[in-house]
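Below you'll find a set of structures to go through.
Across the two complexes that follow, chain A remains constant while its partner is chain B and subsequently chain C.
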Partner chain A sequence: MANKSWILLLFVSLSFFACDDDTPDVPDDNFDRTALLTNWADNIIIPGYTDIAQGSKSMVQAAEAFQADPQPQTLNNLRDAWWKVYLVWQRVSMFEIGKAEELGLRDNLNIYPVDTEGVLENISQGNYNLELPSQRDRQGFPAMDFLLYGIANGDAEILEAYTTGDDAEELGIYLIAVVTRIDELLDVVLADWTSGYRDEFIDNNGNSATASVDKLVNDYLFYYEKALRAGKVGIPAGVFSGSPLSTHVELPYRAEGDQTLLLEALDYTQRFFNGKDYTSQQEGVSLKSYLNELDAQKDGTLLSELINAQFESARAKISQLESDFAKQIEMDNTKMLEAYDELQKNVVLLKVDMLQALNINIDYVDADGD
Partner chain B sequence: MSKYFLLLLTATTIFFTSCDKDDDTTPSVEAPATYAFTRNNESTVSFSGQTTRIQMATELINGMKDFSIEKSQLLEMYRNETEAGEDANPFSDADLNVSTKSVRSKVAASKEYFSDNVTDGTAIKELFETWINAQVDEVFPNESTLAEAGVAGQIADGSSTRYVNSKGLEYNQLVNKSLIGGLMLDQILNNYLSTTVLDEATNIEDNDADVLAEGKPYTTMEHKWDEAYGYAYGTAADLADPNKTIGADDSFLNKYIGRVEGDADFAGIAAEIFDAFKLGRAAIEAKDYDLRDEQVVILRKALSKVIAVRAVYYLAQGKSALEASPANYGTAFHDLSEGYGFVYSLQFTHNPDTGKPYFSKAEVDAFIADMLGDGANGLWDVQPSTLDAIATTIAAAFDFTVAQAAE
Partner chain C sequence: MYTRNIKNYFSQYAEAAPLAVFRILFGTLMFISLLRFYANGWIEKLYLEPSFFFSYTGFEWIKPLGSWTYLIFVLGALSAIGVALGYRYRLSATVFFLSFTYIELMDKTTYLNHYYFVSLVSFLMILLPANAYFSVDALKNENLRKQYIPAWTIDAIKLMLAIVYFYAGLAKLNSDWLFHAMPLKIWLSAKTSLPVIGPWLQESWVHYAFSWAGMIYDLSIPFLLLWPRTRLLGFTFVVIFHVVTRLLFPIGMFPFIMILSTLIFFSADFHHRFLHQLSRILRLDKRIFDNRIKMSKGTFTHLLIPVIVLFFVFQLTLPFRYVLQPGELFWTEQGYRFSWRVMLMEKAGYANFKVVDSSTGKRFYVDNSQFLTPFQEKQMATQPDFILEYALYLEQYYQQQGIADPEIYVESYVSLNGRGSQPYVNPDIDLTQQDISPDNRNWILPFNDEIKGL
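== the complex of A and B ==
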């Protein structure tokens, strides 16, 4: 009997020992989370939303000018204005917290591939309500890609569609509806940040699952994993489907520029990690400085250095890709897969190693799929 | 590390040694590697009727999401006959239209639970029709309406769009998940695995003497067992070795055996279920009815547990979506609509220690009343504490915790 309990004890202590391995120690954490949140809000997030809200005003004006007088010059002006906003979108898409989270900003602004059949149905039938969840893949930046580049073949025919086409007027009206909705959503989010949410965000400076740091880090990782890694690269490259889906790239109609959008997204993902000021690019309090203060290391190297190096490796692979990912996928999908692999390596460093060091729990799981 | 390994080895050996002691009768029956049984070189396995019903149920739940479908067609998919009781052809699969089988006739229709309780059996069958009707009457007209408390319509759940009634319930999910209990589980546990069916009439004598069902390669008892098997695996990619694709073969019991298997706290349950089906079938061939009935006990416990784990899982997921800031109603409603169906399915579970469901119809009805009773607008008003209380009560009847099922 005594013998048995001795073994049992060993067995039990052994399992405890194994469990301890999985749970990181709570960091001896005097890190100034208020300073971190302040840098994020004042120097990164609010300037970013301010920038995109301004850009989107110019886009609305350009759309109105185009609608009033569709010709090559107004079309190009609108395309430029849209492109500029779409680039800035890559810098703020990761901040899906507060009002943006409540509205589902990313799902309204950037679901792709766009449902072109649905867009055409809306245009011909006229009675659409873009606020409905079922309408999310008929609007946003991907719908603009279709309306500005994919509605017909070549610029001459596109202009024809807006001038003498059967649904020319309805098409112009739809274009305005789409840019207006983008603009309104961005306005609501910016206004929320500047009229109270900023303080709420910074004051929620604890380290529980509902604290701002834990929440935004989760939102950031969710963005990196699902929207950037999977959405821009993995899904079109066929990582999740077995065979490549070249129609699922971010810009199927403009074609050129998938790489530019991805690089912009990657740059700003890395800048956020390093706490870089939106305009001056000066580094402030950040995930990097947080990790360094904890002296978080992996295999004898600072974790923050490994993460930054991994951002660079991913950038190097992406730089070798065609500007048009559909073309890249059809020519040589292996390069897409290689880029994906480098992006994936940082999922591990960020989601496992960084979160363990910061003692933050993941609050999202892979959807159930039904 | 090797020191620990040695200790682990010692501990494991002792563990296995002590198991062996409880198990002094070595079973003389050996199950084959796959669910393949033959007589005179001919397969004796047959469960095409179960495959058919899973396929009919699949068309029904898909039809409920098709806003252009007629109500009469949905009801015909459920009944496989017209309102006047005549032959109907509601399915896109022609083989299903030819079939005389139907989903409705086997809902809440097990011999053990419902042969002397057609009152409840009929009420349950009709509840499914109520849900089908309500989907067409309440939800379809509001296809392009934004749902709010008291108003049916659509609501975002992440990037998915869900369609709910005025209380936040998705009728298609109620039908889908409640069928897992009302059709699959009830038929398996309380009909085909019940001695009232397995040993009916001269089944034992016939099986003992290898007297085959008329014109068939199997004995009646073998066939009854196969029919139980078919409700779990009837649409598997490999019908004899279904665990290769477990979870991916239907939207009903198979899917959720797979889901529970995927939770590390319950890993192994898929093999446990399949092994029991296999060994029980081999036991019938070997005329070892004690061994067969031991497998029935295993199956009743494990399959009941699958339902309970998923009920608790969805209640917990729904609760955390409601507690999120901002509250995520669309996700919560979707989870809780699924949870509703699994809770409803609990009345078809079978506790081998009592011969009754782990939760009676009255208890299940009370859970549902609680879920919808915190305010006038059902799930729009439900309190996390209410969901927690239901989940805790369910888990307590089984050998797992809410935390184990919740992730």
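== the complex of A and C ==
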């Protein structure tokens, strides 16, 4: 037989052989990445940013009312408005993609501990540009925590600082500058999503380091690992320093509420995994459904079930903590470390097992492969 | 008898045109590759931004040189042009080999088989008389101008290419690749959004067809290209294969390099026609190179043959060095690199380092992003030599931070070809007490499965 026909025969027979070898345990993946991105954009991300942008408008109004007339009622109104926005922030902080990524939204809105000396310096000197990178830890929600709860001891003294204090006027101006900046940044991000970025995000439905699924999942995991696990729990509990740093909690001045913020963040991290609609909580196309479509398993159990179970164990440990983490750390840091360990376990499931099953590129450098 | 055959082989002559065409294409592609590397911002991202670099044993002294790193790329790009033109050829080829290899040795994070291939070919090119024909050197110096060169000098390139394909095929003879379609199942399944073929790539039989076709392709292509009767068919497969892989995977310039390199298997006639067209564009008189002069077998060639033979003996044996090491090759990766194991496995990992101050018992975890880029962290987490090198670096770092005797432990997990993640390094072993030499790697936990095959 001539060489050529021999080799052709070989290649043709290949397909038959491959058919014979088709084992039923290997699932097909008819997953639709466009549907996934659409669910994320339309039912989770955009409603979340819409919610927070509205809340931040109320916060600005409350801040203006307080500045005009600092008294217990307006202070409490502002504190409530700020707290509501801060809670919603926990639901959208993970979506650091597009405009949010470009602006460094999380770094501008939620870097803590706040640089209190810097804040006071800004207030007394009056010339500051909050857009500068050097000003990032002098603004955002943590700066508000300081301005609303930490500027003096007790509500009476705080009100005094805004009314009869040496820098009372400048303090009010700074407060307005901080809320305005939060509001403006959130507006820009929402406007970008609703004026074109949504389509760009959904259309980029491929599988590469720069595709939307790969990028957002990387951002999501980065958030979970750095902002949630390390920032809210690990760093204050001393996981990375060897000794606890109780001043590094998210709310050093309000004190009560660290646990609430963390639980909110954890809830919405899990909701994103399950693709839950922002308002109706209806589950849509998600990382979970994608993993199930691929029948991704570990030791005979669905990977998505293991991940959800791990979210639950972390939640259980966090529920046992004090509302004020600084207090918890000083009283019994072991409980903080236990909560950290449960959060940590999901890093492995998400970053190793899930990323491999979904073939998501982990590197941000879009370099060549073999 | 054999000696006579061998002597006979080494005294055969062939037209110099195929090697000249190879030189032109190789030099041009290398120039484009380096330019592309720069244009993508990779020099900055890969060699200037990181603060720590992973070294090959014995080459720890090769590091990026800050802004001077750009100069190495400039040298590489200029010498690539020199190679393509055949201008001051030996110097150009030597500078290209040195600069390109230096770049590859700066950080093993970026190791790719095709970079290794380029280094090897450019080393061979220094030794081969690729400037004897259709080069600036031969144009300027009539004494250099030869229409015929020893046939083995062209065969050396062919053998190099054959080794790459054949060994890549051998490496695919394992149970994961053939009987589980792994890792292609993972990679192809993710390509849901490709037009037309996207839905097909979700089919299980397609994963198996790709795996088997890839294996048969790699093993058979050298022979299809060698035999004149199947050459065109073989080249068609080469083009289809590399175009398909280019569409599916981010493999940069490699497909083009391979497609154009395999042209060297074609007849001298083909290359003459190619050069004829080229000389018309360049307004050169190609006939001045067709002087019917054979390159004399000087002492240089005699010295060269043993070097080339040694080179290939080394190339043929090196990929099998893994058999000397215990444990599953895919798991421990001892002997994995430099063996043409191309796109052979999918590995994901996570490594969490713990520092213990042995004098106080104080312990804490390391934030890897303080020292490594995400790309480096990813590569580190699945490769033991990276893990150990990084641990030893952390030891040094924390010594400077005032911990006299830091112990470094790592909690790590690796998932291989879709198996669930399993612990990778023994978390109870202080890595600072381990030797970087590959002989003692008992700190790697055993692989809980078996992959049969080569």
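Keep this in mind: the second predicted complex is superposed on the first by the 334 of 370 C-alpha atoms of A that agree within 3 Å, B and C clash if a C-alpha of one lies under 4 Å from a C-alpha of the other, contacts with A are read in each partner's own complex, and residues count from 1 in each chain.
Criterion: a contact is a pair of C-beta atoms (placed from the backbone, for glycine too) under 8 Å apart; a residue touches a chain by one contact, two chains touch by 3 or more.
What you see is a predicted model; the values in this text were computed from it and never measured.
Asks: In the superposed arrangement, which partner chain does A:Val60 touch: chain B (first), chain C (second), both, or neither?
Replies: Neither chain B nor chain C is touched by A:Val60.
Asks: So in the superposed three-chain picture, is A:Glu102 touching just chain B, just chain C, both, or none of them (first/second/both/neither)?
Replies: Only chain B is touched by A:Glu102; chain C is not.
Asks: In the superposed arrangement, does chain B or chain C reach more residues of chain A?
Replies: Touched residues of chain A are more numerous for C.
Asks: Looking at the overlay, what does A:Leu132 touch: chain B (first), chain C (second), both, or neither?
Replies: In the superposition, A:Leu132 touches chain B alone.
Asks: Of the partners chain B and chain C, which touch A:Ile111 in the superposed model: first, second, both, neither?
Replies: In the superposition, A:Ile111 contacts chain B only.
Asks: Of the two partner chains, chain B (first) and chain C (second), which one does A:Leu251 touch, if any: first, second, both, or neither?
Replies: Neither partner.
Asks: Tell me which partner A:Asp353 touches in the superposition: chain B (first), chain C (second), both or neither.
Replies: A:Asp353 contacts chain C only, not chain B.
Asks: Could you pull out which residues of chain A sit against chain B in one structure and against chain C in the other?
Replies: The overlap between the chain B and chain C interfaces on chain A comprises residues 4, 7, 10-11, 14, 17, 365, 367-368, 370.
Asks: Per the contact definition, I'd like the list of chain A residues that touch chain B in the complex.
Replies: Chain A residues touching chain B: 4, 7, 10-11, 14, 17, 101-102, 104, 107, 111, 129, 131-134, 136, 210, 365, 367-368, 370.
Asks: Considering the complex alone, what residue numbers of chain C touch chain A?
Replies: 40, 42, 45-46, 110, 112-114, 179-181, 185-187, 189-194, 199, 202-205, 207-209, 212-213, 216, 220, 224, 227, 229-230, 233, 249-254, 342-343, 346-350, 352, 355, 357, 362-367, 369, 373-375, 378, 413-415, 418, 420-421
Asks: Touching residues of chain A toward chain C in the complex: what are they?
Replies: Interface residues on chain A, with respect to chain C: 2-4, 7-8, 10-11, 14-15, 17-19, 21-23, 26-34, 205-209, 226, 230, 234, 238-243, 294, 297-299, 303, 344, 347-349, 351-353, 355-360, 362-370.
Asks: Can you check the complex and tell me which residues of chain B touch chain A?
Replies: The touching residues are 4, 7-8, 10-11, 14-15, 143-144, 146, 154-156, 158-159, 161-162, 251, 255, 259, 325-326, 330, 338, 407.
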